[in-house]
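Report on one structure; see the data block that follows.
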Amino acid sequence: MMSSPHLLELHNISKSYGALTALRDLSFHVGHSEVVGLLGDNGAGKSTTVNLISGIQKPTTGHLSIDGEKTTFSCRSDSADAGIETIYQNTALVDSLSITRNIFMGRERVNAFGFLKQTEMREIAMEVLEKAVHISGIDSPDKLVGDLSGGQKQAVAIARAVFFKRRVLLLDEPTSALSVRETEALLAQVLKLKAENVSSVLVTHNLYHAYQVCDRFVIMSHGTKVFDVKKADTTISQLTEYVVLT
Amino acid sequence: ADVKATMIIYLDPSVQFFNPVVKGAQDAAAQFGVDLDVQYANNDPVRQNDLIESATVSGVDGIAVAISSSDAFDSSICAAVKTGIIVIGFNNDDLEGGKGNCRQAYVGMDEFASGYELGNRMIEKFDLKQGDVVFNPREIPEASFAVARGGGIEKAMKEKGITVETVRSGLDPAEAQNIIAQFLIANPGVKALFGTGSVTSTVGAGAIKDAGVNIPFGGFDLAVEIVNAVESGAMFATMDQQPYLQGYYPIAQIALAKKYGLTPTDVDTGQGAFLDKSRISSVKPLIGSYR
Amino acid sequence: MTITMTDSAVPKSRTRKQSLLKQIMTMPAGAILLVFITLQIVCIVGALAYPDDFRYLSPQNLTILMKAIPVLGCLALGAGILMIAGEFDLSIGSVYTFTAILMATLIDAGVSAFIAAPLGILTGVLIGLLNGTITLRFGLPSFIVTLGGLLFWRGAVLLYNGAVQVRFDPEPIFTSLFAGTILGVNAAFIWIILFVVGFYLLLHRHKFGNHVFATGGNRAAATAIGINTDRVKLIAFAIAGGMAAVAGIIATARVGSVQPGQGAGLELQAIAACVIGGLSLSGGRGSIIGIFLGVMLIHTITDVLLLLRAPGFYLDMFIATLIVVAAAFNHLIERRGAA
Amino acid sequence: MMSSPHLLELHNISKSYGALTALRDLSFHVGHSEVVGLLGDNGAGKSTTVNLISGIQKPTTGHLSIDGEKTTFSCRSDSADAGIETIYQNTALVDSLSITRNIFMGRERVNAFGFLKQTEMREIAMEVLEKAVHISGIDSPDKLVGDLSGGQKQAVAIARAVFFKRRVLLLDEPTSALSVRETEALLAQVLKLKAENVSSVLVTHNLYHAYQVCDRFVIMSHGTKVFDVKKADTTISQLTEYVVLT
Amino acid sequence: MTITMTDSAVPKSRTRKQSLLKQIMTMPAGAILLVFITLQIVCIVGALAYPDDFRYLSPQNLTILMKAIPVLGCLALGAGILMIAGEFDLSIGSVYTFTAILMATLIDAGVSAFIAAPLGILTGVLIGLLNGTITLRFGLPSFIVTLGGLLFWRGAVLLYNGAVQVRFDPEPIFTSLFAGTILGVNAAFIWIILFVVGFYLLLHRHKFGNHVFATGGNRAAATAIGINTDRVKLIAFAIAGGMAAVAGIIATARVGSVQPGQGAGLELQAIAACVIGGLSLSGGRGSIIGIFLGVMLIHTITDVLLLLRAPGFYLDMFIATLIVVAAAFNHLIERRGAA
């Protein structure tokens, strides 16, 4: 490797749950200002991969590297330090807390004594909800997340990740519950972030969406990578074929 | 040691009353060369049965046990006696005495009688009259000591036409003090206060002060606090039953019976139970060891 | 062209074969079973090596164990089903005493034990139903309702019979049915075995058990799919109350009298036995075998300490420590199984 | 109404959560052998509508009718009796139970004494999982649902509803976590059921999917119906316009 | 053509304005506040109408209430934070006794109370940390670990000092600081008010509180977002232990001695106060005001019953019933608010 190292690399990662091998010898990379589409059948191991990069699961073997330097994430804060931000498939929201508190969970705006700057956070929350995804029906950032509709919850998770994004954004089926308008807004966000030099990994089952924004595609099947191709070198029908047939 | 014995106490280890009992038992064990272990039934008759049977199985020569129920332990004690174990009752006895239970002897005193004595002494000293109301909070009303002592007090009062009010105070001193004080506020006509166990006897004086009333107070058991209260006059008297002897004699009798075949005999430890200001100072240095 | 085509011949199966030991470890109650068996082996070896000092295997000791287990066993089975359904019952200790006193006084008044005992169980069931109705009707936490029940029924004992112990004197056949010896085995132990088998079938093999697990595991989902979760919980409350009464019968038949103060703290012991046996406090997880092993573990530990003549002053302390150690050990085994 | 009554009708239904009016005066119907697409923005009230029809929520005002007869559902069993089967947006699965037990939850196959016929249920479960959605990676019906991937969970919920379907199938965003292949299989199922005289209400944000299988579209916005049109009378771009702009 | 275009002028806002009362009802702890205020109004009116028979407003009674509330208050605040974080502590009753005995014997041995008391609190904190470490390190249910703690520290009291009550005899200034009267108000009551304010700020206004709610509400989500949930729980365990020690200091300063058997059952009372105040047993929900109102409600009910001369033998029975009634009432109000 003589060129500048990749932003994020996975090296020969395997992961087992008891008797089941969820990932087997998986390697791929994410470059600077690149949007990678991570595709594959249900149960292929995409979410497991996202969770590994986020540091909330640990690989059985293999390792990651950031900017060419080998690292291991033992918890979410490690990956946050490395500039990674994630929208989880299960949204990772606390139903019993308000929208604002969910957005700033773990990264509260505080004064010198650790007390919350509530007004400031409230305002940011509302703003970012409107900007990141044009979500409708949320009229107050004090609403409990448990009272939101499926799409509204997902919008909160997106707003949080977009607000705190730094270098890499991992999106695990971020549009699954979003309506047409919100989906368009999110895809536009991904491109905008790319322009701001934030790379993304987009997990989705909607190949049209993937094709719309990704620069490269990694296709997984049964826990391994079966295909890794630049957008220029493939077509949507070839992608479909790989996803469906492997 | 050539003699093995188990002592089984019905209540749990935190009850202060049994300190001198255990000390007495240990002293006797040391003097007579007995290998002694002490177990606690935590107020549970089922568990006490387990303990008696376990001791029988582990092959001890003698068991000293508080017979806190007239029926619950009859069969397990009889079974133990049948295997040749010497069983001595202490502290509580079967209400039918030796007829109701196979135990070979009983060492202890009558708690009912001590409640009755305290009641009568209070009536005499403070001139309690027909129609008066006295207050007797109980930490655990269903515990046998509370039933016996409280029953004695009630008998004494009833004979003079005096009413006894009672309340469950629990074992927590702060809680007990609150409850007693609140009761005294609500019932300003109460003429005297009786403790039942060591908790109510300890906090009674404080509760009287909290409620802002001025009534006589008598109780049971010995503790530094209680002795101080008697000394200072905040408390009229306390009842003691020489628990040391209730531990010493059973173990001594087991050893003597085993070694020399001496027949165990009943012992009444209930003499000199009443301790007021005039007698308390001689007792004070011995608290926690022999008293 | 950067297309990389990696191993297209993906093996169809992603699951490895696991050793039998690992399979046992991951079974529900598998880990606790291993802990229990280990303890038994240690005890048996110890007893064979020092038959005079450690009389674990003496017939009398085995009889004591068989007599000791059923009371807590019945309480834990009832409390356990209720916990799997997602609710607590803290009142079982008081119900145990109340129904026992009720039964004993009825027999004292000349009623046949074979009528008084079912009446006692019925009372327990009704109290359970009352707990359940209040809990569900008002949407209250069962913790608070049954804590109220604990105090209420303790008070009811005093109200009904005063602070007086009651003699229990049924027909001899009744006593031998619950405390006698049948084919060399203690009758109460036979009862608890029957209950374990019955509850096993009910919980793991019957429709009702499936509803209990669903209700406790995710009440909203169970409701959304058409399970009447209120009814399931109500029945579980009734079972807990009824089993508390059964425990009362067994204890009373054994001891021959009822103390008004007994039963305090038994509810926590029963819950502890369940939790040791792998029940989740938030419901939806657990097994009957686990509950029974939890009860046996507690009693074996107590028994061993008594046989070793551990100082009674600190006996509870030792028991507590050993229970936590057993639970930790249990967890370590489980984790090894999952890895 | 002279023709035969509709299979299912909603009459002037309103629903409030505290201060929020989730549904306002909503009426629409589902005919025999008809697939209705229920579309709308996030938070429009689609899931609330589905839950009302399933009987797990009660309308504040208004009522339903089945075959022209006015009814009220006070719990899920009522709607099941009326022949309604639902795939909920949140899947309504119990994580701590196995796949088989989830599928037969509340409707177990039992013998005369209420004991479970476990082998029978196991076999049916595996079969229906393979048939209804060609889900991959589930190798045993004894797996706990909590250990499944997002798409696998959804597949279990679908398998359950498809197996027990009788007259109306409500599908609340059933394909949100499904991969391409599984999605196609599900849409084919819906058409197959229609041929077997089972009507469906399909809630989705993917207008292409909706257009592919639905006979009529009901578009909701802010808790009310804004558009109700037969497929023959509209185009996908008109639908998009309504969903996005209202 | 069947296109129907219904009301295109949809109003933008779907939220109605609600009455102030309804708003209060839906606030956290709003319903319990209404219950409490209602009870107070009834009591005050009753006391004004029958000043001789119902001495609720007599200065002595108010003083007793102020003295009674702080002990349970401190225990409940600590237990409450831990419960919001999703864990239990059943050992606080024993820790309360153990630290009190430790402190009293230290003072007896000549140590200044101003050194002994912080040492006692430190011990409480360390015990809490130990509970937390065992729970988290081995992934055990805190119920079982702290039930072990309950028995262990009760045993430790006996080991340390035997079954002897200990006199507490600190410098007079210490006693007046914790049990005296400051500006006409009981000192212990001032302490509990300070604690309530402090915990309110910590839990509802500070970053840490947000982490506590997140950890208890959805531990997996909190972990996934980067909160160190183990640390949060550990701190909550430490707070519960420390507050148990503070309760011990306040109780001991009041009574002037420590009983080795005291504190039994206080853990359940503390949890009950929390649950009455609206805490969820499964974590993530609750408020400091609610906890404090729960404590006050329990004590007010006890006090009123004593003042009304309810039959003392069955006092607990009445208390239990009234607590359940208050909880049910609370729930009805809450539901009206949400409708």
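The letters A, B, C, D and E name the chains in turn, as written, and every chain counts its residues from 1.
Methods note: a residue touches a chain if its C-beta (ideal position, glycine included) is under 8 Å from a C-beta of that chain, and two chains touch if they have at least 3 such contacts.
This one's a predicted model, so the numbers in the text were calculated from it and none came from an experiment.
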Chains touching both subunit A and subunit E: C, D
Each chain counted as touching subunit D and subunit E at once: A, C
Chain whose mean Cα position lies farthest from subunit C: A
Chain whose average C-alpha position is farthest from subunit E's own: D
Magnitude of the superposing rotation for subunit A and subunit D (Cα, nearest 5°): 180
Subunit A and subunit C: spacing of chain centres that average the CA atoms, whole Å: 46
Approximate Å spacing (C-alpha centroids) for the pair subunit C, subunit E: 30
Inter-chain centre distance, subunit C versus subunit D - centres from mean C-alpha coordinates, in Å: 41
Distance between the centres, which are taken as Cα means, of subunit E and subunit B, whole angstrom: 35
Residues of subunit E engaged with two or more neighbouring chains: 14-15, 154-155, 158, 313, 315-316
Overlap residues in subunit A, where contacts from two or more other chains coincide: 17, 137, 222
Residues of subunit B touching at least two other chains: 13, 141
Set of all touching chain pairs, with the criterion as stated earlier: A-C, A-D, A-E, B-C, B-E, C-D, C-E, D-E
Subunit E contact footprint on subunit D (complex, rising order): 16-22, 24, 221-230, 233-234, 246
Residue ranges of subunit C touching subunit B (in the complex, touch as defined): 52, 55, 58, 60-61, 63-64, 67-68, 71, 157-158, 163-165, 167-168, 251, 254-265, 302-303, 306-307, 309-316
Residues of subunit C defined as touching subunit A within the complex: 1-8, 10-12, 14-18, 22, 26, 337-339
Interfacial residue positions of subunit A with respect to subunit E in the complex: 54, 56, 75-77, 80, 86, 88, 91-97, 101, 104-108, 110, 113-116, 118, 137, 139, 160
Residues of subunit E touching subunit C in the complex: 90, 134, 138-141, 143-145, 147-152, 154-156, 158-159, 268, 271-272, 275-276, 280-282, 313-321, 323-324, 327-328, 331-332, 335
